[in-house]
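Next come two complexes, and both contain subunit A; in the first it sits with subunit B, in the second with subunit C.
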Partner chain A sequence: MAPGRPHPMSRRDFLIRLGQYAGTGMMLNAMASLGMGIASAQEIPPPLGPGNGKSVLILGAGLAGLCAAYELSRAGYNCTVLEARGFAGGRCQTARRGTVMEEVTGAHSVCEFDEGQYFNHGPWRIPYHHLSTLHYTKVLNVPLELMLNDNEQAYIYSERGTGALRGKAVRRQEVAADMRGYEAEILAKSIHQLELDSPLNEEDLERFVDYLVAHGALSTADRRYLGTRGRGYDVPRGGLLNAGSASTPHSMADLLDAGLWQTIRSVASFDQPKTMFQPVGGMDRIASAFEREIGHLVTYNAEISRITQNQQQVTIRFRNPDTNETQETSADFCVCTLPLFVLKNIESDFPDAFRTAMNAASAVTSCKLGLQMNSRFWEEKDRIYGGHSRVITELENVQISYPSHGFQGSKGIVQGIYNFGTDAVRYSVRSLDDRLEHALQMGEKIHPDYRSACETSFGVAWHLVKYSMGAYASWSQEAYNNEYRLLCEPSGRVFLCGDHMSYLPGWMAGAFDSTWQQLARLHEMAQNA
Partner chain B sequence: MKSGFLKTCLFLTFILSGGIAVAAEDVAKGAQLYRYYCMACHQAEGEGIANVFPALAGSEVVLGSAEDVALVVLNGRGGMPAFKGSISDPDLATIITHVRNSWGNDGAGISAQRVSELSAGGGEKIRQDREQQ
Partner chain C sequence: MAPGRPHPMSRRDFLIRLGQYAGTGMMLNAMASLGMGIASAQEIPPPLGPGNGKSVLILGAGLAGLCAAYELSRAGYNCTVLEARGFAGGRCQTARRGTVMEEVTGAHSVCEFDEGQYFNHGPWRIPYHHLSTLHYTKVLNVPLELMLNDNEQAYIYSERGTGALRGKAVRRQEVAADMRGYEAEILAKSIHQLELDSPLNEEDLERFVDYLVAHGALSTADRRYLGTRGRGYDVPRGGLLNAGSASTPHSMADLLDAGLWQTIRSVASFDQPKTMFQPVGGMDRIASAFEREIGHLVTYNAEISRITQNQQQVTIRFRNPDTNETQETSADFCVCTLPLFVLKNIESDFPDAFRTAMNAASAVTSCKLGLQMNSRFWEEKDRIYGGHSRVITELENVQISYPSHGFQGSKGIVQGIYNFGTDAVRYSVRSLDDRLEHALQMGEKIHPDYRSACETSFGVAWHLVKYSMGAYASWSQEAYNNEYRLLCEPSGRVFLCGDHMSYLPGWMAGAFDSTWQQLARLHEMAQNA
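Up next, the complex of A and B:
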């Protein structure tokens, strides 16, 4: 910075001051003009001026409700959180010894993992660009560690195709090296015969071939793919006279016949970077951190049974599901974070259009199962540390995920089932014993030790869990353009928040982002009231 | 003579259901598909779970317009997932016909072709990125 020049105001400082002096509405307009439109991810919570003791009832102590209580109470609002469950966090849960899971069908399980073992049966990974989630892990001092979301040493196995590789566990690095090698070889050899749309001169083409040679690990002399160290050795190199022995590529025909190219992409998708984050000790550390700050504001075992309002206040009726005792409480405003599948069945005086709009979201079904293994055979025998293998059968596509923590320990929890949609509904019809059996059948296709090493399992079918009734909401584009927009607007003094009120359903960031934006609106309404 | 007998047998294996003939094998398939995709929530006898998942047996919605039922199954609604794209149109037709003719229900069936038409035209649904969270 040149000497004497005034200290530049950061975008963040500018917005905070604008929010303080000119009001939230002005701030939101400024954000939009700075390219931080309210539909895009925000870096920081909105500045909320003094709440002057105005009262807010927050329905649900999932991450959206906890976030609302944290921000509003810091701004001087008088907050009460009503939570139907006996604990905070909503779906942000971690299974440990003693964790109980009940499904509406009556299935009941208690986690029997060893002390110290845990499994994130709800959210389990945080992308680097989920700024709001990373904001809270930072300010609430939740330590993070890397979550390996991609591991090329893991396997792909498929029964769908044909040929020599059908029904074989193949290292993903072999598939990636060979497919990209053959692809580069074909392109490099034929590049001068291709009619390219883009006008590339001879020099460009030569440079492009250089890229192909490097990318596909081709021989520089004749541009052939003959294998590469990156796909692994048949005999690893070692000391003294052990020079190792290179591996031989699979044939392109075998790879195509078996359909093993399915896991290859030029780049990880935006939501699934190759490395992500997870809180050290379990995802529920995020919920616990909020609870540490504002847990005293939460009333547990408070199942919402009626939502009504008039010009001045919102009145909530709730009952204790154990004692059936019913109470009522009122406040100036309400932040409602209940899943729409739950909210739509609760008695309320929302306008008909508002109520009906809730049906435009449909439920996403999803199951998970964690298996405690008495040895880390995937590390000790297969040298797989974190990441995912994939088992594809005629009927389904099963992802098996290895823990990104506890490396080289004596035991570990493998995520043996994580399915969606029809795979999930079909899986959830099974009894708990049969769910484990199915997971074992899938896992032992690629790991001979899978069944014998398994000691106990714990899982969830989110669409069968009371107070959740789905893994998350799904909106069609049409619904996003219509009903969703109606629900984004406050209904009187009630503001809907949660991952279902975002373009990131199922992600914790969706819960935080929607809450931040609704709190800004609530604050503006409170100031103008 | 023999072929006439076969034709008669074949005819008898068809059950007329609201104008759409349902082959015996489709009835079996409908029950099988129902177990796969519906039973987890709506339960074995279509009785649902009180205050959670609606009963299909005797349901006004199920016995109303078959096309409305198809649209709900295709596009989802509230707690109901959207099955478009993950269950084939012929299988959806078989399931809907099964549900409308089981547990005392006696609604008309729906053809695979009609389900396909509704799937293609009835408000194009762009699913959320189906990638895992």
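Up next, the complex of A and C:
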């Protein structure tokens, strides 16, 4: 929408405002009244009337499976969960001393972090609008703390570009403040000459210039950007005669030459708010909380080898962990949360189209590496508490993330690698030693102590982990419109759930939301049976 | 500095970079080498060689006094602390069940919060660059957590201005994203027509437009602002068929008419970073930690009535809390941390000029009110977790702050009033009941549940609190250049410390920084004596 005078309130505006004032529930009701269908913006699980002892086999004890078992068993369904791994949570893991990681290539590592140190190598942050995830942290009493997802004191370092700032660690706030200031200066000085698409009246223009002066931190006298306290002080103010010393902006040309603005955003994206949540003590607290409630329903180390069904029931063949022999079990329904990259390789009698549709999901390749540092030099020397720095080389764009917990402690775990796509593939081909070496090379470009402080590392290449075979699923828009829709429908008595069955792949809320919706359908089918 | 090509590296640039790479200590050494004097950007306390049992009377057990006692006693000085209140910490207090507040007007209240609920009615946030404060939280093992000081999901509500957004609760991120987008759109479309002060070359211009497109979230095709996910979704994406629903921007004219941009900033100010710290469990944990170490040196309920000195020692007259009789005590030196508004009314033999200089400090009036709510409706209904909303009426601009701890708990304390100046004076004239009523009237403008959820309140009017008589001191620039400088010098054997003796009045770091500097001077005097 181009700048201009007010427009009449649209239906959407009405709904936005209703949502703001009366909450999403009221908004959704209104949308239904207006004939605007929308699947769900779920705040709470669907009501599941009495299950009357009907039986459900739940495949996988990741968050989707745990959620299904929790909700269905509360509603009176008779649930059994089969999990191939020896623990619950799926990819929602936290590395601690003793955690084991095996890759299908044979790489094997055991976490040697100090007791009390931990690293979320699966999901690591919860946005405020992931209502289903927040529902479970609340009802299961998992305490949350803030996770700083955008720290303006962190560094941007780039070997691309040119000029004075190339190959220098620059604070994000300097780039943000200076670019913002120059932009506002240019516009404030010239706004009255411009021909706008939808002319603002003279009063609007004056107010707009006021806005530019305030947001760009321009001098009120001549509308020049001369720096701002917000970009940092050379010397902070202090006691007695220390009046502090302001800092000097970078030149606009230096900033453009170095291209540093490419890694900052003026407004946070929706999925990545500037602060997010993390469970106190590690992300695996969520799975542990479910386990406390319904862990007795889970059989661990039970790898599934066949899924078949008839008009009455679903039959699962799996390895019995006690006897180590193959056996079968049947139930009225099945909730299948296995990643599609795993499921499609399991024998089944799904219709061909259903089975083929699974191939439309691409496995996202992704690696993480946590480095235990023997001092929190990023806090003590750089005054960076949480958030992310970026190291950009000709070949790579590496995010280095600092912990948002244990501030001022003696040690800490830095996330030195978090990559995707071809970066992740190239990285995961390296030996474990080479992976660490690469992370150290990147980190020491901005932190001189990085290598000497590093005591031990632990990481994951999700696309090489058995029972996952990918960090998460990626669907093209075309696949979302076609194959994905087919998989959303139950295949007989089998319902697919998991973050791969959502518009939030890779997020815990995708697992919960899809499960809530499928459970509502399962319950409806059970009642009508 | 106007946009343009690079300039040669200045001395200041050199120092900035040295500071970034080598830390502040190295930078300060370099500044000294370059002959650039600066008092201090202190990271650690000054070295205080052996005190050899010399005696120091410390007046006041606020943070400055506690700090002085801690450092001097460790260095071998013989310290006695006299405190008029019955507890340590001065204004650094946390209200909990049973906390008593008395005002000099006779108003008396006892905190009735539930057990476990608390509210920092004195200092409540620590910036990452307050190194002295962070020094003590570290060495005294006071755990810190993030305090969210800028939550883009919080509301701005204004009854000033006109148009469709007047009197509506609007999310801060909507205002930020939409103003940003329109600004970038205008500039991106017209940048090639503009005559700039310092012309950018063609390549610079292209890169600048790329920046505008990215930061304004403009469509790449025609450089229009059509909204962005960052301003929020009407319906967030979720499971199965819920692909979410984007939100529609406000019009630029509506935004200008309502003037909502006046309460948001693109770049955080230096004193108010977007995230700050708070001690886990309450700000009074800092005073408690000092008390654990040197509490035995403090005599509480010991009101001081006279300060005199001769060439050898300082003599303090005070009320002995055990006998309730006036008595005197003497020592080699005195560290006086009393607020100037209190000190200037105590009998003393300070030189006239020194005593008169105290009048140059103005007492800042300020009130706070914490409201215990029986539900965290701002989290459950509005999805606001921490940060501040603003309610702007014709008369007032009220900040409402949500707790950054106890997320998803059943109750919480909202800071409903935090005002200054004439707002604070007008507010503090009201009865305690009327103060609460006023806070409720403001809060219910954006939160329908505000009044019904409120169970009890507790607050402070710092300018009416005995032994404080102001929230903190304010110095004009002229006073900083004259009277303040006189007070920075010791008067005989008496050294003034406290946040009032700093360029950080009202901040805990001002208390610590000024104390560190005075202790270094005291120690020098003691050694030369």
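One rule holds for everything that comes next: the second predicted complex is superposed on the first by the 484 of 529 C-alpha atoms of A that agree within 3 Å, B and C clash if a C-alpha of one lies under 4 Å from a C-alpha of the other, contacts with A are read in each partner's own complex, and residues count from 1 in each chain.
Note that in this section a contact is a pair of C-beta atoms (placed from the backbone, for glycine too) under 8 Å apart; a residue touches a chain by one contact, two chains touch by 3 or more.
Keep in mind it's a predicted model, so treat the numbers as computed, not measured.
**Q** Applying the document's definition of touching, compare subunit B and subunit C: which contacts more of subunit A?
**A** C
**Q** Check the residue A:G506 against both partner chains and state whether it touches subunit B (first), subunit C (second), both, or neither.
**A** Only subunit B; A:G506 stays clear of subunit C.
**Q** Looking at the overlay, does A:K466 come into contact with subunit B only (first), subunit C only (second), both, or neither?
**A** first
**Q** In the overlay, answer first, second, both or neither for which of subunit B and subunit C A:V425 touches.
**A** First partner only.
**Q** Kindly classify A:C488 by the partners it touches after superposition: subunit B alone (first), subunit C alone (second), both, or neither?
**A** In the superposed model, A:C488 contacts subunit C only, not subunit B.
**Q** Touching A:H192 in the superposition: subunit B (first), subunit C (second), both, neither?
**A** Neither partner.
**Q** Touching A:E478 in the superposition: subunit B (first), subunit C (second), both, neither?
**A** first
**Q** If we overlay the two complexes on their shared chain A, which of subunit B and subunit C does A:S269 touch? Say first, second, both or neither.
**A** Touch partners of A:S269: subunit B and subunit C.
**Q** Which subunit A residues lie in the overlap of the subunit B contact set and the subunit C contact set?
**A** Shared contact residues on subunit A (touching subunit B in one complex, subunit C in the other): 269, 271.
**Q** Across the complex, what residues on subunit B touch subunit A?
**A** For this pair, the touching residues of subunit B are 35-41, 43, 49, 51-53, 75-83, 86-87, 123-133.
**Q** Can you list the residues on subunit A that touch subunit B in the complex?
**A** Its residues touching subunit B are 104-105, 123, 269, 271-272, 340-341, 344-345, 358-365, 399, 418, 420-422, 425-426, 428-429, 461, 463-464, 466, 469-472, 474-478, 505-507.
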